[in-house]
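Only one structure is covered here, and it is reproduced in the block below.
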Amino acid sequence: MFPVKELKRSALISLWFAFLTFPIMVIKVDPIERIVHWRWDNMFFIAFGSFVLSILAKVFMIQKERRASRKKRKIAAEPLIQRIAREPRFLYPLVVACFAFGVSFPFLFSTYQTNIMTTALMYVVLGLGLNIVVGVAGLLDLGYVAFYAVGAYSYALLNLNFDMGFWAVLPIGGLLAAFLGVILGFPVLRLRGDYLAIVTLGFGEIIRLVLENWNAFSQGPSGIANIPRPGFFGMEMTFAGGITYIYYIVLVLVVITIFVVNRLQNSRLGRAWLALREDEIACQAMGIDKTKTKLIAFSLGAFWAGFVGVLFAAKTTFVNPASFTFLESAIILSIVVLGGMGSIIGVIVGALILILLPEYLRALSEYRMLAFGAILVIMMVFKPEGIISNVRRSYKFKGTNTPEGEIHE
Amino acid sequence: MQSGLKKKLLVAALSLGFAMAVPVAGMASDTIKLGVAGAQSGDLASYGLPTVKAAELVVAMYNAKGGINGKKVELLIEDDVCKPEVATNTATKLVTDGVHVVLGHICSGATKAALPIYKEAGVVVMSPSATNPGLTQSGDYPNFFRTIASDDAQAQTEVDFAINVIGSKKIAVVHDKGDYGKGLAEFAKKFIEESGKAEVVLFEGVTPGAVDYTAIVQKIKRKGADTVIFGGYHPEASKIVSMIKKKRLKVTFISDDGVKDDTFIKVAGKNAEGVYASGPNDNSANPLSTEAIDAHKKAYKEDPGAFYENAYSAALALLNAIEKAGSTDMDAIVKALQTEKVDTPVGKIHFDARGDAVGVGFAMYVVKDGKYVEVK
Amino acid sequence: MSDSPTILEVEGLSKYFGGIKAIDNVDLDIRQGEIVALIGPNGAGKTTFFNCLTGIYKPTAGDIKLSDPRNGKSTRLNGKKPNKITEIGMARTFQNIRLFPTMSVLENVMIGRHCRTKSLIFGAITRNKATRIEEAQIIERSYEILKKVGLHRQVNEQARNLSYGAQRRLEIGRALATEPFLLLLDEPAAGMNPKETEALVALIREICAEGHSILLIEHDMKLVMTLSDRIFVMDYGKKIAQGTPVEVRENPAVIKAYLGEDVDA
Amino acid sequence: MDYFIELLFGGLTRGSIYALIALGYTMVYGIIGLINFAHGEIYMIGAFTSFIVATVLSIYGFPLLAIVVIAAVAAAVWSSAYGFTVEKLAYRPLRKAPRLAPLISAIGMSIFLQNYVLLAQTSDFLPFPELIPEFAFMEPVAHIVGSSDMVILVTTAVVMVALTCLIKFTKIGKAMRATAQDKTMAVLVGVNVDRVISATFIIGSALAAIGGLLIASHIGQINFYIGFLAGIKAFTAAVLGGIGSIPGAVLGSLVLGLTESFATGYISSDYEDVFAFSLLVLILIFKPSGLLGKAETKKV
């Protein structure tokens, strides 16, 4: 059974938390009326709650260790998902099933569900785009949202000023973002990991602040309204129809992105990115142009963000700078890390969890973001390498007679 | 073969999708569903949460009386973090849940993003705080109403007051770079320039949440401004006012509805003395206003926050309109809102054809002995 | 050999780190088809010398000129980026092995092919015919190289799981994949057992016979003396001697530098 | 000239506050290489704790000096406790995890703490009691340099000196330097790395708490969100100075504060943050390791 020592430890932990949360949880002052409310009941809840939680955490840890030691005996029990991903006879039906589910989604669920699923799928694409930069090439980008903003504002402004349609702007938004990626990337990509992180963060903020302050250009904080939804051969659509239509556009984009990202990862370029992540100096000594290779990764990621940005503007029908804060970059980065860096399936799972979670946590009303933050921490603590870790495809050589590269897990 | 099948499936699904376009209307329910949407977490939560509390109190009051036409009022509270993209999700969720009327959203941007969705679904929306003029003046949103004055109306009041009453000659227009503050500041600048009686010596934004506002205050001083018109909310206003006092600067400080909030006086303390702010007509004599504030103090043991009275009034106006219309149909509610006058904490109001409240009336206030009093 | 063209010419190369003269006015030259060794006690500046040649460090002074024997084109390397230098035709290995540890043995060599191939984004996405052929050639060529360095049986192994000696050979293989005419080996025999060293000597000879010239840093004197055509000796950043193995062995300055060490192992 | 001096002092005040927060970032980074995004929240909690304690004491009629001292101590104690706990819960289990895992954990922690204070206290802005009185002897220059500016500058200077002494001369300081340089070596020579990391978080949090108290009393208000922007700015300052370097953090903060102040004063505050971040980008382009950061030594 549970040893007494652990109970004592839990008691100590609960005492500590009672102390820790004392000023914030217990005391509430009204500085005007000069009244102090002492909410001692909160202290009791905290002490009791942390006692129970610490016991639960301990039990969980013990079980995890047991499982780990059992695993060692069985040697490399691969996670189910990896085994499925490796076996084509499991993988293909699964992909088809997922796709069928994706296609029939708007018919099975309400408009609201379709709408948030559209958002989630947009983040899948954003996550996959950032994954090229962070997960594959190993460049920590905290200002990814800047490129997203460029895409969104491209559509909003080109539509407002030149009356350009969604389909025309879609590639333009992506290209503009990629172009900006090159401009920014050129001077800063030689910076080391965390310095690059803060510079990209700063860049993201600069873009947002310019959009906020340069009224003549972007209409400032009040934003641009009445952006048309994508047209479908000039047909007028109901709101629900429009949502469904955008859902399918995004779904197609997701499929294209997965296809492209997958191809890129398994190419000469993809190998170079991986190598760059592992050892820059060795890479250069192998004749890989560090700056150029990084720049390609950076601007490809930006391209995708710009793409989704255009979709974002079309879906929301309104853009203002409030949508492009640092928190947004942090969420997209969390998708990549939480899902499992460099893993396509991981990013998809990560995006679905992180974007749908706050929506389904609405039931918790004001505790929503509290729970979100806690879940982020807990997931990282218990699965630091991400939900789906390191399912990298690697080149395997089959047979000496027919030297042909077959791609396997 | 497989990809061919996929393609066919996709085409089939797409065509089906447009053919059906899935109308998900709220079924006739036995409750009146009042949606409350706005920022309830994140940096702007302090402007959204008071609205939730106002709605809770009004609904509790109605339900205690037995509801509307025998139906209980049910609250659907949804967070939009003041972000447009989340607001569309919020709106879609409310519409899918069969909401009848919506109190919200809080920020103009989020409101603009959400309105087309409500319009399509035939839902009346009333905001306690979205002041962007375009919301009512563009004519795009027949389902939109508000219990707060639009930016241009407020700016006009402020500028008239500054020029005609105070006699300002050199005015510094400062804003918080936000949707509300900057919009208002731009109108103020425009009106000052049009009047020709005073000049704008400074037009600048401050960063909300910055640790220090010394530099902007020194700049106001250097430009020789005799008056500051500030567009924004009370946190920044109180920081600037305190800094002005600290720097021994003598200027008249005029601000807006976002500052005409008791929290401003509490936070700025004695530095608030002499600050002017525009706001709805004096309603301290209005028993409904006292009642609303007392209800809040009783229920939450603290003073109400920003836009509380506007939200309280909006909730009353919405529920009253449903009661008078005897239906939750959009056109009927709109008609009731435009014709039926209702007693609220901000006055006896109804709404004009564009959706702005009539009867709210705007006045200038000044802080005197720790209280806002109307300038006669 | 003396009539072969000079492929690498280093004149007055110096590299200072602050006040420390890591390399001080060193000259060196290599002719086509030679195996040249660079020796010296620890801290003599040999690896720094390599780093200057390969563009990882920017030399403080001096000239480095590399001439491609295949077309006679000569280039001044000062200030060139490492990848450009590799592209011109000089590849290296590292003293403290720098493989891509989580990539497979095959992939490591495939990375070496990078600068000799050219498919980019478009090719990667469409996987058109040219790209497919190129990929197949990369794999084929890489496999040949692995066979040469004797690692074809571990082709799908992760690089970090190889033995020390095998990792050194993989580094050589990876460098060969860039098609260099001059190969720089930084202590290729370090950590190898006698049997492995023997295989290494054979491998270096074979590589040389295929027309690659070799510059190597090595502490194993037996290896140096049996392999090298000429030897350069450095001490405290300066070149103190050069010549054939026999000349160097009898050079008093060298003996002094190695005082206490068994020069002639 | 007056204007210049005013801006100068404004910038220095700003810079000092950034410095107090930036030190926490830079110390943590120096030791475990983590960008501790929750540090801004620790600063916010420090400010909140001092607000609560000071208000309670003033309601119970304590004299000002006692209020200041007790509030400062309480803020430091509780902030340290939060810093310590956050490290134990969210970062320690991730010590050997991939590089980005603790970063995401930190972002999650930051969101959590913000909402924790929002829910436990209030979303509204609260008036912070005036802990720094207007000194009579400052009156002649009060239009240029306020009393609170002076107190902030002096306190920051004192804290910096104390911190330098702590790191230079005490045992824990030496252990911290050793750990920052080479963790493995530190363990070999008998340094308890866990304890050093905890100490780093505690000291960094206490400094942030002092910063929280000073700035809240300077601007006279707080709410649950103040940590975000201050945190980002302080982090920028730390990187500007060369992250991991303690004098660098101070220098970077002052440079950042002065840049913002002068940019606002002579150009426009519309683009205040744009200037701050552009400065950062520019400096990093020319000095990739920040102003005082150790240049990266390529060991090949």
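Residue numbering begins at 1 within each chain, and the chains themselves are lettered A, B, C and D in the order written.
Rule of thumb we're sticking to: a residue touches a chain if its C-beta (ideal position, glycine included) is under 8 Å from a C-beta of that chain, and two chains touch if they have at least 3 such contacts.
Quantities reported herein were computed from a predicted structural model and do not represent experimental measurements.
> Looking at chain pairs B-D and A-D, which one is connected by more C-beta pairs in contact?
A-D
> Based on mean C-alpha positions, which chain is nearest the centroid of every protein C-alpha shown?
A
> List the centre-to-centre spacing of chain B and chain D in whole Å, with centres computed as mean CA coordinates.
Distance between chain centres, rounded to whole Å: 35 Å.
> Between chain A and chain D, what distance separates the C-alpha centroids? Give it in angstrom.
Inter-chain centre distance comes to 29 Å.
> Using Cα averages as centroids, what's the distance between chain A and chain C in whole Å?
Their C-alpha centroids are separated by 43 Å.
> Could you state the distance in Å from the CA-based centre of chain C to that of chain D?
From the centre of chain C to the centre of chain D is 49 Å.
> Could you say which residues in chain A touch two or more other chains, in rising order?
Counting only residues that touch two or more other chains, chain A contributes 31-32, 213, 281, 366, 369.
> If a residue has to touch 2 or more other chains to count, which residues of chain B qualify?
In chain B, 41-42, 49, 177, 205, 266, 302 touch at least two other chains.
> Would you mind listing the residues of chain D that make contact with two or more other chains?
In chain D, 115, 122, 126-127, 270, 273, 298, 300 touch at least two other chains.
> Which part of chain B faces chain D closely enough to touch in the complex?
The touching residues are 41-43, 45-46, 49, 177, 204-207, 209-216, 218-219, 222, 234-235, 238-239, 242-243, 246-249, 263, 266-269, 271, 302, 305-306.
> With touch defined as at the start, can you tell me which chain C residues reach chain A in the complex?
Interface residues on the chain C side: 54-56, 81-83, 86-87, 91-92, 94, 98-104, 106-107, 110-112, 114-117, 119-121, 123-125, 127, 131, 134-136, 138-140, 143, 152, 155-156, 174-175, 177-178.
> Of all residues in chain A, which touch chain C in the complex?
Residues 260, 263-264, 267-272, 274-275, 278-279, 281-290, 296, 300, 392, 394-397, 400, 403-405.
> Where on chain A does chain B make contact in their complex?
30-32, 37, 92, 96, 99-100, 103-104, 106-107, 110-116, 119, 212-213, 215, 220-223, 225-226, 232, 235, 237-241, 243-245, 248, 252, 312, 315-320, 322-323, 359, 362, 365-366, 368-369
> Which positions of chain A touch chain D when the two form their complex?
Answer in residue numbers: 16, 19-25, 27-29, 31-32, 34-36, 42, 134, 140, 187-188, 190-195, 197-199, 201-203, 205-206, 209-210, 213, 281, 326, 330, 333-334, 337-338, 341, 366-367, 369-370, 372-377, 380-381, 384-385.
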